[in-house]
Every structure is written in structure tokens, then in C-alpha cells.
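Inspection log for the structure reproduced underneath, given as C-alpha cells.
Residue numbering begins at 1 within each chain, and the chains themselves are lettered A, B and C in the order written.
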Amino acid sequence: MTIPTSRPASQSELIWRRFRKHTVAMVCLLILITIYVGSMLAPWIAPYHRDVISLGNAYTTPFHTAADGSYHFFGTDHLGRDLFTRLIYAARVSLTTALTVVTISTMIGVIIGLVAGYFGGWIDNLVTRLIEFISTFPTFTLLLIASAIVIQNSEAIPIPAFFSAITGAVMAISPREANQVILIITIFIMLGWTGVARFVRGMVLSIREQQYVESSRALGASHFYNMFIHVLPNAMPPIIISYTLGLSGTLVAESGLSFLGFGIQDPTPSWGNMLAFANSYMFSYPWMPLVPALPILVCSLAINYIGDGLRDALDPRVQTEIRRAQRVAQLAAIRERSNPQS
Amino acid sequence: MLKQHLLRRAAGLFVIAMVVPLIAACGSQAAQQPIKETVVVKETSAPVKETVVVEKEVVTDASFTTPHPILGDVKVRQAIAYCTNRPELIKSVYPFLTEEQQKGLLMDTFLPKNHWAAASAGVTVYDFNPEKGIALLKEAGWEEGANVTTGAPLFLKFTTTSAAFRQTWATVLEQQLSDNCGITISRTHAPASWWFGDTTGLARRDYELGAFAWVGSADPGGISLYACNQIPLPSNNWEGQNGMGWCNETASKAVIAANNTLDRAERIKQYAIVQQEFSKDMVSLPLFNRVEAAAANKKLMNFKPNPTETYTYNIEEWELPGKDTAVLGFTQEPASLYTLVESAAVATTAAGLLSAKMVTSLDYDYQAVGFTKLPKLGDGATNADVDVKAGDMVWNTSGEAVALAADVEVTDAAGVTAKWDGSSPLKLKQLTVSFEMKPGMKWQDGSPVTKADYELGQKTTCDKESGATSFTFCESVQTFTQESDTKQTLVFLPGVQWPTFYTGGFGAAPSKQPIESDGPYKGKTLADVPAKDWPTLPEVAEKPWSNGPYKITGWEKGQKMTFEANENYYGTAPKIKKIVIQFYADTNAAVAALLTGNVDVLGTETLGAGAEVQTVVDAAAKGKVQVVTLASPTWEHIDFNMFVK
Amino acid sequence: MATFLTRRIIQMFVVLIASALVSFGLLYIAPGGPMSGLRQGQNSGRNKISSEDILRIKERFELDLYIPYRFSRWLIGFPAGPITIAGHALLGNTVVGCAIPGQARLRYPDGHTEIIEDGCQQEVTIADLSSRRTSHGILFGDFGLSQVILRDRPIATLIASRLPYTLQLMGVSSLLALLIGVPLGVYSAVRQYSRFDYTMTTISFIGSSIPTFVIGIICILIFAIAAKEAGLPFLPPGNAVANSDYVMPFIGDVVAESSLDRFLHFVMPCGVLVFVNIAGYSRFIRSGMLEVLRLDYVRTARAKGLQERTVVLKHALRNAMLPFITIMAGVLAELFGGAAITESIFNWPGLGRLLVDSIGRNDYSVAMALTMVSIFLLLIGYLITDILYSILDPRIRLS
């Protein structure tokens, strides 16, 4: 049983060292962390209360004082609520939503893809059909039904109070609002894992043919060991990249959904619904849509650069052999489903 | 080998285990079970329950009989009214109006203040007064947001649609109630398809506080909203619109009486009673008349929208110097030009260009246009007493045609509403109305509108297969006679007392219109087509013959409809030669088109009551467009559901 | 190959039916429909809607049938009435739906009550179906009738009216994005870390970081409104054609519905879609190229003294393009599905907007028809990429 196990650790160290050299990506990571941590400190740093309205102050232009003399950094909305405050709170909702969705759906996708690719055969066939099946689901309809169910009987959905409480605490929203957010997150996850699963499966299909995996099997290593120690780490780099892309994609997608009328609902601020709402004021107050558009742009841009930095850090110069395996896997990846064994 | 096999199977099961809940979560409803009342043995939240099969009637009769623990008390409802600062709600949605205009929108009863039937005295007015509200709550046993004895929180669910302007005022309301009186409301902004759905939301009384709007009109109506027998219940298959569950005998009698007489003085008296009781019991808090706006190119002349009439009613008088085309913007495409099956505002506006107007309904009243005059009692209409006997078709007080028998409730000739005993002599009022049309009306090909056209119109309108939603008017007519090309006489069933009988009878359909589209009727005329195929026929749904100011020349689905002036129109020739109705994805896009000059007119149904109104008002202030703001007959209110399910 | 194809097509058919069933089921439980809003006005007076009227409307739109029967009538037009064998009408009494559902009240432990539909007061049998209009079934090409958007008129006309516009917008924009995105990606990869590469990276990141509707609105504000006010040539803010002739500075009169007019209307929606798509395409090609360029055979090619140009275009790009086929699988469905947001912003009469409209206005028969076609095209796309892949990459065998 002499299987080299030190490689994953040293590899990640190497990656981190290389990533640190990527200045832009490092700056972006710092910005992102600052925004997220800042949003968690919202109750302490937000200048006003999230929902308190004062009609006299409505439509204050950014960097101006409102009618009653209060100063609003990013201006106020149609009800005189401070936009800066709402943006900070919205960051909790938007970023947490994106993080949760992408983390969980990537995890599900990786596990299912790993299992399907590693074992092949009928399992693989079933999984690929299932992925096809789920990718045909109508997203709008699902969201519409979900929101209707929440309204009709919010107790009907078996969301454990534990989850609502945690979500509520993290996002600083009431448990009922939390239930709604959880539902949207769930739907995003349900529809989101298929992409990752499909492509991990393709990677695994070719990695498992590598010599070292086969020799490890021959030495009597268990399937579990093989899957998670040999196969998975080698599939990691593209997973990380797809993870970062997924993050920025979800941020942008949420605002698109709000624009079309399916998304997180108004009392709970999210960057997406703030943007969609500000949209109807664009002729009278052209600055209004820009306020929520800015953080979406900044965060999404930052995430993209981080992904780029990671991609470069995972550069294959060192381990050409592994990279070649990955390359072959990618060729066989996203849309491929022939099984060389059957 | 075996181990690998087992592992594979385990992995397969694992995948299935991951996936099955996903599929299960998004699909099947639980299997239907027998009718039951579920009674719980132990006080646990887990479903430890005992199923007792009981009679259906027993189960449903128990619904909506328990007063709501909070809203069942009139003092709480009054307190909510006192704690609501309605002028502030108005200000939140219509900041661009002057104080005076804002004040004019405030409603105290279910009729706007300038309505002919609005009560002049005796109405309880709930001005903003939190002290009074708090005092009333205290009397009802609620202090500082909790019940004095049980400690239960003063918490109510508030349901309405997700329309942006409702979100705005509801946000303000939530804060007012909690700051002023410690009442916590939890808002739900539901999709309109759920809130106004046939078996969901409002229709099933699925709310505690429910906000929505009714569209007012010249005739106040009100039976289905306020009569005792109009409370929707499982046992009556949810008939009626009195979702509050308000049963006040005085008010109920008065509203029925008001709708079963033609005497306006009597109606005013009866409606006053309803309004007094309505405000006293505070079953529904009227908020304000909505403001609607119509905007147009500032060069457009004679653009005079009216709150109770489509803004295109005088389109033949419109003038747009320098242009021969006027573009109207719609945010919704008409589903059909066959108004019998499609009554959305956009469809009636578009179809209105194609038909000769018989009456207009300006300023909460009616005016003759295509009729020589509006018939009045003694002048074109009679309301005679007739004897009826068992078995005769009569009109009952719920507004249905029924064979007279014992226990049928009718309003007799003397104005007394009662159930008939089955034997005593009974006299009912019978209404006969004659309409005279102006001579010279022609279809777009120049052929006159004839007797046969009216007869075809009546025949299709009253054909049950026609796809129409309501046949109430058809059923209320005993005999229909088209005496000549320009005279129509209707004799109604005994008991029918339509307050607005003078607004018209049956319209004409172009019986000679040739059918050119492929299908079984090609080469025939419209008169040969059975009513059930009218809605699907392009000649009816897309290019109907016009006898109005314009005729339709094209309809590019998803884009626009084009109309040209009808040279055979009997009235004044329209000054604008061409009308285009352009469809927009949303109000914002339509407003953008107005501001860039791509659209000349946006009507009330397009501008609505949202943020876009403010945009056009601002633009009008800068002299870019002309805008007319109207206190629309649509009024917002909050209904209190006084019972629990 | 033949067995593979047969097996794949059978599996595809099963997935198609299963997906259709799920979508149909979802719409079945979704709120709204042709009935919603019927009683939004006062239900009294001359237009009172009686319960009998409600039943008739339900019947007209098949809302009173249970989902398996509704689905099968929609899918294959069956059952359309009792089955007649040798003069005997069979199964006429089979219950297929419920016109008036029963009601039951549930009381929960915490004292709150719920009213549910339970049982049936008035049933619908197969015999009742024979008097109804029945579609031939969507599998046989009958999309049925629209319920709301184009009431009672065929959905096929509705789709046909939008399809050319969607194909035009999606086709041209995808093609342009490819033609621009691929060279940019290749160039970025060849000149990794050059100024050009950094600029391209930033631009493409911005393209994928701003929501499409924001880009659209900004474009309208700049190119339509501001340009027009400044007296410069401007682009029309929306629609596919103008309603009347207009004057364009420096260009002159533009005749409504001329090809110039159509082109001007097309520029902005197409441009936005191209911008958004270029970002994705060029990033994809760039990373693919970066990997391929380091592989042995490229090095060998270089070592052989081949021109860099030949190495990049002939050896590397060909290989880098291979995975690209995979992301093209969805293109077929996308071409048909349109771009809902862009179409809404620019008021483009496409199918994407129609789908959002049909769900927003509860026209579920239209939504279902569109979904069905999309599912079909998506599955076909998967199949085609599989086959293409096996042709282009000999390492993969179809079995």
C-alpha cells in the first residue's frame, strides 16, 4: 500500500503561490471579501434602517442631502429609503444566494458526475438521460409555481425552521422572507447541477483510464479511495473555474429574473430586484438604475478576474501529463456520453 | 468481481436516492382522500391525527362561521381605519399631484364623492386619528400590539398583487400601522394570476386583509359585493363576491332594492343606506380612486380622455397637423377583435375603431350617439305591471331567469322583495324598450346596415356555443324584434329592471361579409357560419367588417395593427387618415417610444398607475408631451375577512 | 452506428415524453389560466357570469379534465370520445375529469383550518368528450388553439408570425459572435498577457458582468435618445420596422419597411446579443487554445519549422475547436427560443418574448407548445453533437 498521497497538498500550495502573483486577481479577491464582510457588518456600518421610509426624502440624488437635511451617499428610492443601506443589506442576500447556489449545485454535480463517470455502465446511462431530462425543465414556470405555493401556504413547504433561521440570520431577513429565498435557491440548484455533473463525468471518464489510477486499483485501493484521492483532485482545476464563472453567472441571472418578474420579492432587497425596480424610473431619474448595477458589475468582474487568476495558477506547465489527461477529458467532456466500456 | 457489482449497485441507488426527491418535489400532489375532518388527539405539531369520516355538508357548513379572532371585532376594524393615514398613502403613489388633487382622490365609501349615488350624510368618516385607534383597540382588548388577556400578538396577514404601485403604498401602510398603533402586518405580494385566480386567492377568501380594486361605473351595482346571499362558501361553490362575509340585513335589503327599481330617487335613498351601514361596520376600508393618465404627442388636437369612457371615443375629431398617421401604443396585444369572446380593454379599444358607437358613457352618465335618442320611460320605453303565474319565466332577485314557483324570491310591482308563496296573485314590472338608430349606417363596402344584420347579431350573441362568457342579458330578454333597419324593440322578462336599460340592445353583425379564408365556409357569407366557429374565423377575429370610423387593413402579430379611415362611415370623416396600434413589451418601452416620438398616444390602459405616469407627467411639465390625469373610477380598498376558514 | 442511433433515438423519445409530461404537469398546477380574472369586475347586472357559464368555459379549455387525460388529448388527441368497436360504444362511463370539485375542511392541531378540494360533485365522463373539439395531438403536428394571447386562434399562426424575426436575430447574432469571438480568442491566446489580451479580457468580462437589460437600456439612452437629441444619426429604440418614414441626419429619408429601415432597427438588438456572446466565445476559445498550444504535437509542428500561422490555425485551432462543438448543442434550441430579455428591451417581436408573455398571461397552451418545440430541438442538438463528435474525434467511439 504505497500510494503517494502528498501530491494534492503540495499542488494546492503551488497553486496558491502562483495565484498570489496574479495582482489583479488578488486585488479582486480582497474587494470581494471586503464587500461580503462589510455586508455582514451591515447593522453597524449602514447609516440608516433598511426599510424605514420617509416620503419627504424620496428621490434624493446621490451625494446630496435630502429634504429633511439627512445625507444620502447613494441617494434614496421612491419611498425615501436610503439606497446605500439597502445595497449593503442586498449584498448579503445576493452574494449569499449566489454562493449557496453555486457551492451546493457544484457539490451535487461533482458527486453525481464522479459516480457516473467512475462506474460507467447503466449508472452512467441513467445519469446522462437524467441530465438531459432536467436541462429541459422550464425555469420560468418552476419559479412561478414556487412563488404561488409560498403565498398560498408558506407552511406547506417543508423547510426546516433551522434552515430558515440560519438563512434569515445570514441575510438579515425575516423567516418568511427567508423561506422565499430558500425556495429560489433550491430551484436554481435543481436546475444548476447538471452542467457541472456532465462535465465532471467527462473528465472522470478519461482520468480513470490513466495508468496510476489503474495501478492503484490493482494494488487493491477501494473505489471510494480511488474516486476521491486519485480522480477528483485531477478534475479540480476546471471545477474551480466553472465555480467562479457560476458565481458571477448567478449574480447576473438573479437580476434578469427580477426584471422578468420572477425573483426575490421587494421588501427583501437584492441587487437584482433593486435594479429591476429602478428600471421604471430610468427616464425621470437616470442615476437610479446605476446604483444597484454598480455592485453587480464590480462583484461579477471581481469574480471573473479571480477565476482568471485561478486558471493561470492551475497552469499545466508543471504536470504536463495530468494536464493531458484533463485535456482529453475535456474533449470528451461536456456533451459526450459514449461509454468505451459498454 | 462481486464486490464491484455490489458497489455499482450501491452507487446506482445513491444516484436514484439523490434524484427521486427532486422529481417528487416538483410533481405529484398527494392522492385524493375521502372527505374528512381531521381531528388531532395530541397537541403535537407532528401529524398524529385521527381521521373521522363525516358528511360533506357538515364539513363545509363549518367553514367561515368562526369569527376571526382579531378582525371579527368591529372595533379593531375601525381602529385600523383610524390608524391608516390615507392621504399619506396617496402621496406615496402620486407625489406629482397637488395637495388638492390628492385630496380629491380620497374615498369614504364605495362610491367616489362626485358620483350621483354618493351618500350626502350619515356616513362615518375615518380621518387619520391614531389616538382614537389606540383607544378602540384598548376597548377591544388589544394593547401595545398584543392581546391583554392571552398575550397573542396583534398580527395580520396582508395580501395583494405584486403591482409596483401596490408595493409602494403597502410598504407605507405597513409602517403606519406598526408605528401608530402597534399592529403588525405581514405583506404578501402575490402574482395576479393567483390573487385573482378562479380557484385561488380572493375567490377562495384566502386572506385576512386583502387589497385590490373594483372598477366603478355609472351604475353602482353592488349586489354581488354586499348582499347577504353573496358570501362565497364551499357549500355554495364559492358563488358571490362578498368575501368579507358581511351580512347586515339592512344593507343587504337596501342594496337589493336599489338594484330592482328604475326610480333614481329611490335608488339614491337605498344606496345611502348601504353606504351608511358599510362605513359604520367598516368591513372594507376604501382608500382612494386610482389616478390614471393618458398621454399624447403635444401636437395632437382634441385629445380629451374621460374617466368613464375609452380615450378613443372621439377619434374622428383627432387632428395631428403635418402627419397622416397616428400611432397608439399598447402594452398588450388584443387577443381577438371579436369582442364577444374578448373583453380586455385593449381589445375593446381596437375593436371600437371598427364599429359605429351607439352610446358614449362620459362622466358617469350616458349619451346617445348612434341612437336618435336614449329611450326613457314614457318615451321609447314602458314599465307595465303584468300578472304572472306559476311556471312563467320570471327574473329573480339574484338576477337569473327562473320558472316561477314557490320560494322564488322576486321584487313585485310595488317594490316589495319577498319569496313567493306559490299561490297568491303576483304582479311584476315588465320593461319594454325600443331603440331607434340613426339612418344611413353602412358597412365598409358601402352596403347599408340592415335588419338581417341585427338579427344575425342577436342570434350569435345569444348562441351558447358562441364562446361568450355571459348570457345574462340574453336570458333577460323575453322577445327581441328588429322591426326595421333602424328600429329594435326588446321586451324583458317580468321582473327585469335593468337600471341602464337605455344603453342599448343587440348590435349588428355584417351578415353579407364574404368568407375568403380557407376552410369549410370559403365562398359563403358570415350569415352561413354557425356561432361556434365565429371565434376561430379570421373574418371575425382578425379582419371584421367595419361600420365605424376606421377599417382594419393589417395585423402583424406581435407587432402592430393598421387601420385606415373608412370612407363609407356614416358620421364625420376622421381627420387622421391612418391609425397604427403598435405593441410594446412593457410600459417602460412604450413610454420611451412616446418620448422619442415613435408613438403619438398612450392610453390609460397602457400607462396604468405605476411609476411611468410620473415620467410622462414630468415630460409634460417640460413641454415635451401632453398628458391628462384622470381620477379613474377604479378604487383601491382593503377588505377585512371577518371569518376564519 | 445503426444500433447506437436506434437506441439513442428511442431513449430520446422517452426523455421527450417525460419532459413534456413534467412541463405539462407543472403548468397544470400553476395558478391562473383562462379563468383567472373572470370575476375581477363586479359579477352582477347585465354581464353577470353564472356558475353555468363557468362550467362552459372550463369545458372549452379542458380545465375540467384530470391531468393524464388532458395530457394524452394534448399529446396524441386521445381519448376523443367512447371507442366504438362493432357498433358498441365502449368506456363511455369512464370518469376522466371533474367539473365541480368537492370541498373539505381540515383542522390542524394549532387550530388553523384549511379548505381543500376533495372528491367530486359533478364528474366528466368519456362520453362527454365526443361533443368537444379535440386536437390531433402535438406529436402529429397540431399545436392546438391559443387560450389567451390569440384567443381561439391556432398557435401555429402565432409561432409562424414570430419565427422569422427570432431566426433572424438569433441566427445573425450567433454567427457574428462566432466570427468575431473565435479570432479574438485565438489572438488573445497567441499573445497571452499582451496589452491586447488584457483589454480583450476586460471587455469580455464586462460583457458577462452587466445584466443584458442594463446594457440594452444604456444603448437606448445613448444611441437612440441622446444621439437623436444631438442631431446625430440615431438608431430606432425598438420594434422591427418603423410605422412611417423618417429623416436620418447625414443619411436622408428612410422609407418605412425598406431594407435600410429594417437594418437600422436590427442593429441594436443584434449588437447587444453579439457583445454578450462574444465574451463567452472568446474566453472559451482562448483557454482552449492556451492548453493546446503547449501540447507536444504543437511543439513538434513548430520544431519542424512550420510557419507560426500554420501551426496556430491548422494544428492548434482545429483541436481547440473540438470542445466548442459541445457548447453548440444548445444552439438549435436557442435559435428557436430567442432571447427573452433582449427582445423585451428592444420590443423585438420574437419567440422569447412570446414565451414570457404566455406565462405572464397564463396562456399555457402557447407556453406548452413553445416548451415542447424547445425540448425537441435541444434533444436533437444533443444527438447531433454526439454524432459530430465521434466523426471529428476518432478516439471516441459510438457504441
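Quick notes
By our rule, a residue touches a chain if its C-beta (ideal position, glycine included) is under 8 Å from a C-beta of that chain, and two chains touch if they have at least 3 such contacts.
Note that the structure is predicted; figures quoted are calculated from it, not measured.
Averaging C-alpha coordinates per chain and comparing to subunit C, the farthest chain turns out to be B. Measuring from the average of all protein CA coordinates, the nearest chain centre is that of C. Separating the centre of subunit A from that of subunit B, both taken as means of CA atoms, is a distance of 44 Å.
For the pair subunit A and subunit C, the distance between mean C-alpha positions equals 24 Å. Once the centre of each chain is set as its mean CA position, subunit B and subunit C turn out to be 33 Å apart.
Across the assembly, subunit C contributes residues 22, 26, 29-31, 114, 344 that each touch 2 or more other chains. Multi-chain contact residues, meaning those touching two or more other chains, occur in subunit B at positions 26, 191, 193-194, 200, 592, 595.
Chain contacts: subunit A has residues 142, 144, 148, 261, 279, 282 touching two or more partner chains.
By the touch criterion stated above, subunit B contacts subunit C in their complex at residues 26-29, 32-40, 42-45, 49, 56, 59-60, 62-63, 191-194, 196-201, 203-204, 214-215, 219, 221-225, 234-235, 237, 239-241, 259, 323, 325, 327, 332-333, 335-336, 341-342, 399-400, 464, 467, 469-473, 476, 498, 500, 535-536, 538, 541-542, 556-560, 580, 582-586, 589, 592-593, 595-596, 598, 644-645. Interface of subunit C with subunit A (complex): residues 11, 14-15, 18-19, 22-23, 26-27, 29-31, 114, 201, 205-206, 208-214, 217, 221, 287-288, 291-292, 294-295, 322-323, 325-327, 329, 340-341, 344, 355-356, 359-360, 367, 371, 374-375, 378-379, 382, 385-386, 389-390, 393, 395-399.
Across the complex, subunit C meets subunit B through its residues 22, 25-26, 29-33, 35-51, 53-54, 56-57, 60, 100, 102-110, 112-115, 117-119, 121, 145-146, 148-154, 157-158, 161-162, 165, 220, 224-225, 228, 236-244, 343-345, 347, 349-350, 353-354, 361-362.
Within the complex, the subunit A residues that touch subunit B are 51-53, 55, 58, 78-79, 108, 111-112, 115-116, 118-119, 121-123, 126-127, 130, 134, 142, 144, 147-148, 151-152, 176, 190, 223, 261, 265-267, 277, 279-284. For subunit A in complex with subunit C, the residues that touch the partner chain are 129, 132-133, 135-138, 140-142, 144-145, 148, 153, 248-249, 252, 255-256, 259-261, 272, 275, 279, 282, 286, 289, 293, 296-297, 300-301, 304-305, 308, 311, 316-317, 320, 323-324, 327-328, 330-340, 342.
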